[in-house]
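Presented below are the structures under discussion, each in the form of structure tokens.
There are two complexes below, and they share chain A, which is joined by chain B in the first and by chain C in the second.
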Partner chain A sequence: MGFGRDSAIALAVLLVFILLEFTGLRSAGLVDFAIRFATFGLLALSLNLLIGSAGLVSFGHAAYFGMGAYSFGLLMQTGAWSVPAAILAAVAMTALLALVIGALCVRLSEIYFAFLTLAFQMLLHSLILSWIGLTGGDQGLMGGIPKPPFLGVDLARQDHLAAFSLFCLVASAVALRQILRSPFGAALRMLRDNPDRAAFLGLSVFRYRLAAFVIAGSFAGLAGVLMSLYVSGAFPSFAFWTTSGEAIFMIMLGGVSVFLGPLVGTAIFLMLNDWITAVTEHHGLFLGIILLIIVLGLRKGLLDFAVEHWRARRGNQP
Partner chain B sequence: MSGRLELQGLRKSFGGVVATDDVTLGFEPGTLSAIIGPNGAGKTTLFHLITGKLPVTAGRVLLDGAEITGLDRREIVRRGIGRAFQVANLFPSFSVQDSLAAALMAHAGRTAGLFSTFPPPDVQRQAEEVMELCGLTHLSRTEARHLSHGDQKLLDIALALALNPKVLLLDEPTAGMGPDERWRMIERVYRLWEARKLTLIFIEHDMDIVFKIAQSVRVLRYGAVLAEGTPEEVRRNPAVVEAYLGAEHAL
Partner chain C sequence: MELTELGECVSSLSCVVTQLAAGLTIGMLLFLVASGLTLIFGVLGLVNFAHGSLYMMGAYFALAAYGPTGSFALAVLAGTLGAALLGLFFERFLLSRIYGQDVLMQLLVCYAIILILDDVVKIIWGADFRNMGVPPAFLHPPFIIGGGVVPYFYAILFGITALIAVALSYGMSRTRFGRIVRAAAVNPGMVGALGINTTVVYAAVFAIGAGLAGAAGALSAPIRSVVPGAGVSILIESFIVTVIGGMGSIGGALAASLILGLTRSFGSIGFPLFVEGAMFVIMALVLILRPSGLGGRRG
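What follows is the complex of A and B.
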């Protein structure tokens, strides 16, 4: 029942968007926003599988975002790959990277975990910068990424790319939500709540955390693919710590405990960012102040706050 | 009938400090026993040794004649020794029914599935049975962190009970409760024991409770067994009276 309902909602969202996009307002702004929303929304949503459900605060999630973008870009530049095949391969390569890094990180707890994930991300970032022959160094992956059409989808057109990105987002959201609803998801929450008792009941802390790490990394890789399609290239900043930081901000803005929280946070973050950059050069300063107000004022994300408020009101009624 | 627990010459020392000193005790299947003793007598340490939380320095633990000393603590749970904790050890964000279902699934090794929905109906039914037995049914949808202190302890016991143990160890089930709540709790424990026919061993400080419900009492002091017997025998034992019970309990 839950999975069917989620799929129906996802399909409806996608149809409404396509209707709006192709028959209604053909606005370049909407198309552009939709692509960025899908890309960063997926990144934040995947990170929240670790933070919100498994209780693992990773500071290095952008490593998988960057890995997805570079793998996809490099595969497409060979000219031998179709878009869907390259996407699958890029996600698989990202999963492999997450498996290796995760195996070394998930044994550690809290602050050590956070910093080791950050260290591996910066290692990848340095590797991208210094392996100029493959990655183009700090110039990024230049020369554009060929996007041969497949199944009537031409990703070189921004409107097609927007619909495709949104499709990837809603399909991933449905999949992630099913993961959270499954016995595996329950095991992750047990490990977050009380790892000692969970282990006592027979759960392998290592295996479950590693699986969550790989799943989250894979979806971040898909987000990276969307990013490289959007900018038709790949840049070292994708794997820089600021990208991880932005994803964490989005989650903090929207909320960790509600599934759609990170998506709400992404929308707010992107809109704030666009609006502030239009007004002032010092956008970091203003964005930081707004984040501080939300974090110190509400002490939780907006959607966390709204849902708790609504539950409390409903609970008070006789 | 299974559930015979035997401790043979059990010893645990931390550096020079002997926490458990040559403890030899037998618990017959289906009996209800209390362990008493002053603070620091090694009662909780004894539970840690039985459940494999701490490695023993010397001695053996036998369940139904089979040695379980030194086994991994998950394996010991699987062999049939359950345990509830002095401070309730729960999954705060899980509702009562989900806590039990999650414990059942983790214990059965069924938490790897990605495509089914938690909890499956058969597990849900088992969880309902345990809730019924523990009197938690009316709280099934309440999150563990929102339960009262007493109900948290009860859920902790229910989590241990869900795994269908032959031997259940309760570490101060009434700790931190008011007098009325204590009696309700201990009645609940007594009824559980009657319904499940398991070997139940509990640590308790309240002597009225111990003497009222226990079939046998073991007294520990400085990690060693000071006395054992029926509540009546222990109450009359001069060494126990002197060492532990004090004047107000004597006779």
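What follows is the complex of A and C.
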């Protein structure tokens, strides 16, 4: 059970994919999908630490996604950094940003929290747009990102990047699951369900929530790094509110109560998105209608729905 | 930073008058949007993340009415009523289903509405910038007060928005409907028990809030470009207003809107690249020093 089992499952999943990729079934479409799945899956998974476990509905999670992407891109463009060092530095810078914004936001009530995180994200977005000398403004970070090989991994190759992205996703998923299983995770759930009781028991609501906010922001930063590797650049849209909206959409599609729900949601969202883009240019119209049907009709994510159905049939808690 | 220029401006009467006129007008337009947002939150307990889209729709409805008729009054009326009806539709068919549910649900429904409206606008009016231009009836020479320039149309806008603000404040504090609305904000169960149909009150409040946003969109159509997605920036500013003024407080929203309007107009001289940042700094200060806002009841 626990960490060992998670790691074993994770390793098996990774091996299956790498076998798929490097042997017969290799196709450009699959590789491309794998990278996007890992990137957005990690974003959704990190956001669900806030929404699902801590009960903090953040509408500004893409700020950390954008921060990770821009920090990594800018560090690599200096030419003085290796990929792993730049990843660590970018995640650390994102964590710092999350610490500052989180310190202002996590004290607030639910509704204030949702729109203040959104507001700070839009501040970052407008900073990116107006600081043209550093970020390239609305053109984005141009000129490509150098990706010097390290430890035999050459991220300039799509198949290497796909394997690396999936490795990051799987490792992060195992780490996040460990965090949720720990006493810290239990405290977060308690804060979600009954913050007053937790406060009476002597837990610092502020510190726990802030820690969750910084952890979630850091993993979102890592997702941003993967995104900037994928597109070999960084664009203001990474930090735009629609990206946050999409992440919430993915979580909602899959379900908030099951750990892997956001990943299922990501896969569905990406396929849905590709399909809609191929069929129509009125992308928002279709996504919006589908979202309304799910939210108002189902009122929960697909996995939430499936799990509840399954529990009701079994008539007990697993 | 061009702080010396700001210093020069503040020390000359003409520059102060010019910037004051612009800042107050921007502030009053912002107040219309933000007061709708805060009214809806105060009574319905719902943060309307799609409020900016109603503003945008108001501007487009106004454009549509202005084209064939050439009447700015009709355009503003169309923007206000169109947005109010649209808001009524959303409240009745979408948002009323999720009252009392968690913020995530509100957010997702509003997100869906934003996505749909942005695309509907693109389908009907195209994705390009549109501009109404100042209607010829208002092309008069500007007022010169103390050497400062106050554009004629700005003065008209300020007058209209001030009238709406007075009507709103009178309606909320003096009329029977206003008393019912304020009571419903505090204790909807009791209001219902007294035989008042709270469903109708909720729908009316949402329509009024949406109408205010639509009016602001229509009024600012001549001076701002109208474009799909225009709602988000005004939404963020309205959020900042409600945080500074306090959620649910209309007086606070008025003060905060004027502060932000003046920050914009004077900031564009003193720190043009940091205007947005300055608004956030003010908001952060209010959050730290007075988390419930200038006129707020709850935090």
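Convention: the second predicted complex is superposed on the first by the 315 of 318 C-alpha atoms of A that agree within 3 Å, B and C clash if a C-alpha of one lies under 4 Å from a C-alpha of the other, contacts with A are read in each partner's own complex, and residues count from 1 in each chain.
Simple rule for what comes next: a contact is a pair of C-beta atoms (placed from the backbone, for glycine too) under 8 Å apart; a residue touches a chain by one contact, two chains touch by 3 or more.
What you see is a predicted model, and the numbers here were worked out from it, not measured in a lab.
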Residue contacts with chain A in the superposition, chain B compared against chain C: C
Contacts of A:S182 with chain B and chain C, given as first, second, both or neither: first
Which superposed partner A:A114 touches (first chain B, second chain C, both, neither): second
Partner chain in contact with A:L287 - chain B first, chain C second, else both or neither: second
First (chain B), second (chain C), both or neither touched by A:P146: neither
Which superposed partner A:G137 touches (first chain B, second chain C, both, neither): neither
First (chain B), second (chain C), both or neither touched by A:L201: first
Residues on chain A lying within both footprints (that of chain B and that of chain C): none
Residues of chain B that touch chain A when the two form their complex: 73-74, 77-78, 89-94, 98, 101-103, 105-107, 109-120, 159, 163
Touch list for chain A against partner chain C, complex: 51, 57, 59, 104, 107-112, 114-116, 118-120, 122-123, 126-127, 130, 241, 245, 248-249, 252, 256, 282-285, 287-289, 291-292, 295-296, 299
Touch list for chain C against partner chain A, complex: 41, 47, 49, 94, 97-98, 102-105, 107-109, 111-116, 118-120, 122-123, 232-233, 236, 239-240, 243, 247, 273, 276-277, 280, 283-284, 287-288, 291, 298-299
Contact set on chain A toward chain B in their complex: 2-3, 178-179, 181-187, 189-190, 192-194, 196-203, 208
